[in-house]
Every structure is written in C-alpha cells, then in structure tokens.
Amino acid sequence: MPTQVRNASVLQIEKLGSYHRLRVVAPAIAGAVRPGHFVAFAVGGAEGGLLLRRAFSIYAVGGGGSGGSSTIDVIFSVAGAGTRWLSERRPGDRLDVVGPLGRPFPLPVEPARCVLVGGGYGAAPLFLLAAALRKRDCRVDMVLGAATEDRLFGALDAKRVSDTAAITTDDGSAGLRGRVTDAMDPFLERADVVYACGPMPMLAAVSKRALAHDIPVHVAVEEAMACGIGVCMTCVLPVRGKDGVAHMVRSCVEGPVFPGDAVLFDDIGTIPAGAV
Amino acid sequence: MNTLERPVRATDVDMAVTLAGVRFPNPVFTASGCAAAGRELNQFFDVADLGGVVTKSVMREPRTGRPTPRMAETPSGMLNSIGLQGPGIDAFLERDLPWLAEQDARAVVSIAGGSVEEYATLARKLRGARGLALLEVNISCPNVEDRGQVFACNAVAAADVIRAVKRETRIPVLAKLSPDVTDIVSIATAVVEAGANGLSMINTLLGMVIDPDTLRPVLAGLTGGLSGPAIRPVAVRAVWQVHAALPRVPILGMGGIRSGLDALQFLAAGASAVSVGTAVFGDPGAPVRVLEELRDALAERGFGSVRDVVGLAHRPALAEVSEDADPPGSPV
Amino acid sequence: MNTLERPVRATDVDMAVTLAGVRFPNPVFTASGCAAAGRELNQFFDVADLGGVVTKSVMREPRTGRPTPRMAETPSGMLNSIGLQGPGIDAFLERDLPWLAEQDARAVVSIAGGSVEEYATLARKLRGARGLALLEVNISCPNVEDRGQVFACNAVAAADVIRAVKRETRIPVLAKLSPDVTDIVSIATAVVEAGANGLSMINTLLGMVIDPDTLRPVLAGLTGGLSGPAIRPVAVRAVWQVHAALPRVPILGMGGIRSGLDALQFLAAGASAVSVGTAVFGDPGAPVRVLEELRDALAERGFGSVRDVVGLAHRPALAEVSEDADPPGSPV
Amino acid sequence: MPTQVRNASVLQIEKLGSYHRLRVVAPAIAGAVRPGHFVAFAVGGAEGGLLLRRAFSIYAVGGGGSGGSSTIDVIFSVAGAGTRWLSERRPGDRLDVVGPLGRPFPLPVEPARCVLVGGGYGAAPLFLLAAALRKRDCRVDMVLGAATEDRLFGALDAKRVSDTAAITTDDGSAGLRGRVTDAMDPFLERADVVYACGPMPMLAAVSKRALAHDIPVHVAVEEAMACGIGVCMTCVLPVRGKDGVAHMVRSCVEGPVFPGDAVLFDDIGTIPAGAV
C-alpha cells in the first residue's frame, strides 16, 4: 500500500555520468519496497506551474538500522522542467514523495536462470531485482544497453550483482556495438525467465525474442502518468487479459510490470479492435 | 462581515453543509474523473471523512476511451482526453457503489451519455441504490443525435437531459456545466428550470497542446480538457456569475482548487461545497488537506460555520456593479 | 514533414511573413495593451526589429479606465481590468503613431469602441496615417447600445462592427476574437464574411479572483481578463479550430506565448504570425527573445522558411479526426 | 534608462530581523541609480507559475572599483510566494533584474533642511537619499516607524546617516510609542522639505501634516505593478496635474515619487469625478 511522505529529506544527490542519483529519507516507503516498485515526486514547489508528480523506478533502498530500510535511491536523467528542478535539489531539502507504487516484478518460486535486460535508466530497477533473485539462488545474467556510452547506466556495477554482464551501445562507444537484443541471444539458450525495463520499442523487441525461445518475460513499461495511483486513467495501454481480450489497463497500478506476451505493443497508441 | 473579534477554534467551526437539499458533514468533495470510485484514495485517507465522493462519470456500456497519449501537462494545468473509459453502469452498481456504501462514504454518482435516452436509463438503473446521495449529470458529452454537439453548450439540449433524468429519479440532481459557452447563466437557468436541484461547475475548458518536435497535437484525441489552477479564475467567475443570477440555486464549485484558501474563494463566490480534482494527482491527500486548511482559515477569520461565508463576496458588491460604467462582463 | 536531413543555419531561415496581404519581416508582434505604443519597450530593444507593434486599443475619446486594483496574479497567468485607459484617437495620431513611423516600425493599430459608429469613426480618423500597416479591431468591448453585450460574443454584432470599419478604410483589417464563446468558428466566419482580412486570437478569458482576507473580488472592476501561459492551451485550440474551418484566413495568434517553442505551437496550429503579450511584463525583452528562439527552433528542425510550418499540425490530422468516434470538440 | 540584466549573480543574502537584504551584481544598473529608483526581479524560475516581476526600492549601491557602482542592495520582507522564493536564493544564484526604474526623489538645488520619513521597509530608499542630501550639505532628520520593533528597518543606521533620528512603533516596543506623524512635528518647525516612503495611509498623513506647515513633500508610493516599465497601466493612481485636473498616472514611470500635494490620496481606488 502506497504512503505519502510530505517531507522526505534529501540525503544525497550526485551526478553519475549523464544521470543523477537522488537519495531521500522515507522509512514509511522504503520498508515496503520490492523490486520493480516506483516512487513519484512532487516537483517545482507548492506555487510552481508543474502540477503532476514525476515517476522513477526505485534503484536501491538502504540505511535502516535494525533490519528495515529508511532511504530510497532513484536514478534520473534531466528530461524537462520537472527533472531539472529535481536535479537542483540539495541535501537537507524536503521532497514530497509517494510510494511504493505499482506492481513489482514477480519472483520465481524455485531457483531459476534469469536474464535481466535494461535500456538506459531502465537498468535502475534491475539492481534491486538482481539482488532479490540471487538471494533466492537464481542465476542472474544482465544485458545493459544504451544509444551511447554516456546514456548507459550501471555498466560497472552490473558485473558485481550478476553472474555475467553484457554491455551494448548503438554506436559502439562502450561494450558491443548493437542492441541489447543482439547481446541477449546467447543468454536465452539457458534462461528460464527474462526481465526487461527500458524504452517501449526495446521491450517489444526483447519480448519477441524471449517468446520466440518460449521463455516467459516480464517487462516494466513507462507510460506518461498524471496521478500514478490509479485514479486518472491516463496511463493505460492495451494488454490482453486472461480472457484473451484486449483491455486498456492502467500501467501505474496494474503495471508497470506486465507479462511481455500480454502487452499489445503494436497497438499502443490505439484502441485495438474488440478491446473492452 | 465576519466576527474577528470573537476568535473561533478550528475544531469548533461547524463544517456541515446542505447541497441540493442533502446534508453533508463538510463541503469538500472529490471531482468526477479525479478520484475513480474512491478505492485508491482510501489508501491515503478515509474517504468517509470527505463531504462526498464524486465518482468518475459512468455510461451505460463499458467503454475503452481514447487512445494514448491522454494527457499533457500545461502551465499550472493539464489537458486530459480520457474519453470516459469505464466499466459501464452494471459493473459500477455491482462493484463500486456498494464499496462506497460500506465505507459509509456519501456517493455523488456522475452519469454521462451520448443521448437523452442514455442519461434516463442511467438514472433509472441507479434508483434505490444504497449510498447514493446525489446524482451529478455530466452534460459535457457529445450528443450523437445532434452531430456531436455537446449537450452543455446548448440550453435546450442541456435541459432535455436534465428533464429526462429528473423523470426517472427522486435523488436530487446536479447539472454539471461547461465553461465553454458564451453565456453560462442562460445554460444554468435552463437546467434549473428543467428541474436540476443544483449545479456543478465548472467542467474543463477545451484546449490543445502541439508537440514542438513532431509539430502535431500531443493528445491522440487532438483536443482535451484543461483543468487545474490555471482555470481557477474562470471557475470562480462562473460560480460568481451564476450565484448572482440564481442566488437560491446550490452550487458545487470546482476548477483548480489546491488549497483551503482556494476553496474559500469558491464559497465566497457562492458555492455551497467544492470538489478537488486535478490537485489530487499532485497530492493524493489534497482533499483532506484542503478540508483542514479551510477549517483553519474559517476559524482564523472568526466564522463559526462554513455556511456563513457562502456568497459573501456578493454582499457589498451589488452597489459597486451598478456604479460601474462598463458591465462586469467586459474583459478589458 | 520537415527536412531534418538538410540542417539549416539560424541566420538562413527566411522569417518574412505575409499577414492579411501585408508583408512583415518576421512573425513576432507585440500584443495590444501589453506594449503601450512601443516607446517604453524601445528602451530594451529596437521595436523596428519586430514584425510589428500592436498598439493599445484606442478609443475615440480619452479614457480614464477602471479604478485600481486593476490586476491580480493567478497561477501561470494574471487578471487585468484596465478599462481601456488611453489618450483617445486624436492624441494617439498626434503623438504615438508618428513616433512609431519614425522608428520605421510597422504599426498594427488596435481600435475599440462602444458602438458600431465609434469603430467607424476611428477607422476614418486613421485613414492615410503614416506607418499604419494593419488595423486590429478589438471587439471584446461592451456594446452600449445592446445592454453592454460584448460585440465579440455575438456574430451579428461582431460582423456589424467589421463591416462598418471596412467601409471606412482600405487598410487590411484583423478582427480580434474573444475565446468566451460557445462556437468561435461561427464568429470567425461571420467577421470574415463581413470583410475581415484576418483574425487576431485570442483575447483574454473572463475571470475573477477573490481575496481570501476581505472575501471580496480583488479587482475593483470585479471581473478581469485572464492572460498568460495559463490560457495557452485554449488559444492554441482556438487557432487550430478556426484554421481547420477557414484555412485561407490569416491568423495573428496569441495567448500565453513565452518562448519560441510556444510561438511554434501557434504557427503549426495555423497562425501566420504571433503576438507576445503578458510575457513582456515578466521579461521586457520577451518579443525579441521569442523571435530568436523561434528562428533557432526552425533551423534545428530543418525549415528554411517560417512559412513552411504554418498549419503543419493539421496535415496528417484530418484522417485521424474522422476516425475518431467522438468529435474532437468533446472535452472528456 | 532602464536595463535588463538577465544573469545578475547573487553576492549576498542575509536576514536582518524580519527583513532580508539581497545584494546582486548588476553594474549596468548600479551605475545609473539615483535615490528613489527601484528595481524589479523576475521570481520563481522560467517554468514557474509566477509571471510578474517584484519591485523593490534600492537600498544601496556599491562595490564598483573605479568610481562606478556594480552592486545593488534591496531590503524585503516575505509577503507571499515571490518574496519567499527570493528569500531562498543563495550566493552564486542568478537573477533577472530590470532597473533602475521610476523617477527618483528630486534633490534640492541649495542646501536645505530635510525631513525623511519612512514606514517599515519604506525606510530602505531613504538611506541613499540621506547620503545624497548630506553630500549637498543638507541637514537630514529621519523619522522611522513601524507597527512593532521587528518591522522597523534601519533604526540603528539612521543615526549614522542623519543629524537627528527619531524612531516610533505603534506598540512602543521600540522608540516612541505612536506614529511617525506624531514624531515628525518637532522637525517640521525647521524643515524646508519632507520626503516619505511607506504605506499609503502613512504617506497621506505625512503629506497632510507637511502641507499644513506649508512644506513641500515628496512621497514614494507603492501600487501593485504588473510590468514596472510603463506598458500595462495597472499601477495608476489619481494625481492632480499642473492643469489642476486629476489624471490616472502610472506610478512606475511617472512615479513612484510624486509631490505629496498632487496625489489624491482619498480618491485612490476610484476614478475621481472630472478625471481625464
């Protein structure tokens, strides 16, 4: 169940390449986080012109003394006015944050061989996931990609949290030249499940590749969200239900994690015929 | 005007209001389409603590709504183009309204239709439903029988809808008005004459945002409804105009309310109660925060009852209006 | 859609536009009432660098306007209630227009009246004035002969004004439309049929702010005109609707333009040029900044001429509109 | 002639009782300042919801090496969202400032005996004025007042820049209990000219008292301003012109300093009959 923390204090904020890492103190949220959850920050100040929260995957939790966690880390790039404002916060500033939001990644019950695929800052939620999977004795192979080296996130840490890590960039400025989908094939040979987070076309391609190998795949999508808590219906995308029919479902509460075979990637931005 | 001499404690302010003949414990409601049917917000506060929960407009059949993108942020506002996605009235009656009744929340059920007949059917289906305090009739819908003209933009069509709904129900009815009209007072008068027990105002303003990169409208639906603090001055003006013309007609005021002082503006303009809409997206606790801030503001100003401020902005105004060379309606 | 393949240098973008048959060196103008007659802004930049200077609406006689307070800041906007204070047409012709002509600025003179006759007189007095490029007819004024109904809110009254003005002048005429109407396309059509050579849109929206302490309207004039970025989505929508209906009618677009990308939205929606109004109050250099930003934005997007983007947002849109179940006018 | 400096850097900002003193670097403006001028700051950031500039009297200029001035100081209290934002600026932040604005106080040509009356932060512009007057061998008597001690500004410094200084508070928490008008009478006996800045009722009372003694008075008014540069017509007030008739004049360009006998204080907020 999500909680609103109106005065989470900023503990750290630092630049990591073209990204920012922001750490806030919010025990009421941090204690309930599972991999794939996200948080939403109010931006721009009470009198500002920006009304809507900004959503970010949770990258890490920590800092709790006796077992529980008290801090939340997110990784973000400056995309517009809201993230620019966020990048200008300083330690001690207060932020209004709501979370944990969304449905987390489902974890395998038995030890399994897992491939984690991340594009750009989509790598962020995979680190909590990798840790949780390894705790369950899963094998974790990671494939992280981006257009260019400076858009890669977590490439160095990936080796630490995974059994094997592959890195790709579109322009070859780091790792293999090419797409994550090119690099994931070798891992698919021995995989039980695939997890992916990143831009929609990447999720579509990863899903297709995994399903071609008959491997279940869980994707964390990113749709523009006005509320993040399920009340506004702006964040919908067409997902095939258990009934076989397309439904326009809210990615903020029924997602952001969906089975890759259920998301009707080709129909995003439309209402598919027969949808209910 | 108020009684600052006798300070009032916040807890002593009587917050109960009567809206369209129905009593509510306080004047702060959610806004249709900004609170679904209350369940999600109940994670953040007890929805029964509000005056009432105005539910997302429901139609006769399930609806998938518009394609995405469905929203665009704008300066101090947002555009939405949801297209009334929803489960349809039967599912609503089965799943949503009973849940609200269980929470002891007061439900204001918003209904929407593409024809007069659809509105009537909805009112009929809602007869005798438990927990239903008021009906809000969202007439900002295209009339499929009149080349898509929006009911709320035509006094006759708007009145037809309200008349048809009133025939089907004994629950008091609020007609929800659109600000996108030349003369909101004439629409208000028409729906009141058709039987509306009160008015909800305002719905969103029609707007558009164009993506500076694609140079195409951002919304898949091209245009969308503008809401949020950006429109608050238009909303306060509309409430003020209608209350001036129809002082006895109860108004549920809304449009950009973000704080208790914003709510106070609407009450002073003539609203008996208010809805908090878009502000919920930025602050899920907004409705209860607004309620507390309003209570404190009333206490600070020495009011013992929220009902004492309703319409106060009009009191010494009448004289001023007639002194003024230009009518107040002139924009420059 | 554009030609990103061939990058364009900012200095190579052809910024010249034709508006209502008159050529201007670029598409960025001031807005009436937000730049007086150019003299004050000339301290910050050369007013001849703009496409044109739209002057404060002038009336036949000198006017003292409304009492203060005349303004209230609102979220991403402001209300004003100036009441057209000004020196009257004779002083304007003697002091202001000659000054603009001396600067080699192109003057778009805005006229306002309380009767059809007053507008006609103003047009007549402006005949043959040096430096006068266009007339802008501000019809958002109360008609004293029709119980103060605003001309712009009634197609017949609006057309009467334009017809009378056209009879008196050979200078091309822009009719300035109010957004406070049910159907802006019908007003636009009426004034174009009456002879308007183009349209300026939009004027302010009628709004009100109530002071949370006095619980009285802030403005002495009670209501005021809402302007600024808050209203930009409404303005873009209005330009888009009118350009869709009357694609050959030139439009001077305005409402909340603060940056070059904002201006680009208006051009893509169908405006041939834009006015920068309220933004000047926050940034006296805004008009030239907007011009530079627009030029850069066009270059980045590979456009060799600003004229290539006018109306671009409509191109692939027509198909989408007809596919859509609900008409685009539906606010939800 | 006013200039716009888009990136004036904040050199200092400090709390002085219930006021803030802000010092910015803006040589293009500072060099042209005369006593009574004001500046206007953009507030809230480019994407903020606050569109209009905030006006402040210039308290001091300084810092220029070779004769000219390069910095501007203003004194402000937090009144709402804009001044709150301003109070949160830190050294090194950039501000957009326009100035010098308005017409300054007229200075006597011959040495004269001057009484300077300030209410609250209305004392701020009197310090530049006092310095200019003393440079011209004028006698300077200062009367500063406020509702309470914490709303007084400059009470300590007043002694330094004036020949005599009197302090009043409505509640007697500092100086004499009472109004500035009560304290100014003794000075009027020997005064040639009165200058005043403060709330409108104070200016009205000071003008009345000075005129009763047949002493010319210059008041600096404060009307809500949308533009500050003369283009919007929001800041008008009724002032009797040389023609004897009331005109609605712009306080930002024709003021803020007016002859006290010309301002129609009783008619502010109305259009006086016969005004043109």
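We just call them A, B, C and D in the order they show up, numbering each chain from 1.
Everything below uses one rule, namely that a residue touches a chain if its C-beta (ideal position, glycine included) is under 8 Å from a C-beta of that chain, and two chains touch if they have at least 3 such contacts.
All values derive from a computational prediction rather than experimental measurement.
Under the touch definition stated at the top, chain B and chain C share these contacting partners: A, D.
Comparing mean CA positions across the assembly, the chain most remote from chain D is A. Counting C-beta pairs in contact across B-D and across C-D shows that the higher total falls to C-D. Between the Cα centres of chain A and chain D there is a gap of 55 Å. Per-chain Cα centroids separate chain B from chain D by 45 Å.
Computed centre separation for the pair chain A/chain B is 36 angstrom, with centres defined by C-alpha atoms. Contact of a single residue of chain B with at least two other chains is seen at positions 33, 66, 75-77, 80, 82, 220, 228-229.
Multi-chain contact residues, meaning those touching two or more other chains, occur in chain D at positions 47, 49-50. Viewed as a network of touching protein chains, the structure reduces to a complete graph with every chain in contact with every other.
For chain D in complex with chain C, the touching residues are 1-4, 6, 42, 49-53, 96, 98, 223-224, 226-237, 247-248, 253, 268-271, 275-276. Those residues of chain A whose C-beta lies close enough to touch chain C in the complex are 47, 49. Residue ranges of chain B in contact with chain C, taken from their complex: 1-2, 33, 57, 66, 72, 74-77, 79-84, 112, 138, 140-142, 147-148, 150, 153-154, 178, 180-183, 203-210, 212-217, 220-226, 228-234, 236-237, 240, 256, 261, 264-265, 268-269, 297, 301, 309, 312-313, 316-317, 320-321, 324-332. The touching residues of chain D, counted against chain A in their complex, run 44-45, 47-50, 81, 85.
Taken together, the chain C residues at the contact with chain D in this complex read 33-36, 40-41, 43-44, 56, 62, 64-71, 73, 75-78, 80, 82, 85, 220, 228-229, 278-285.
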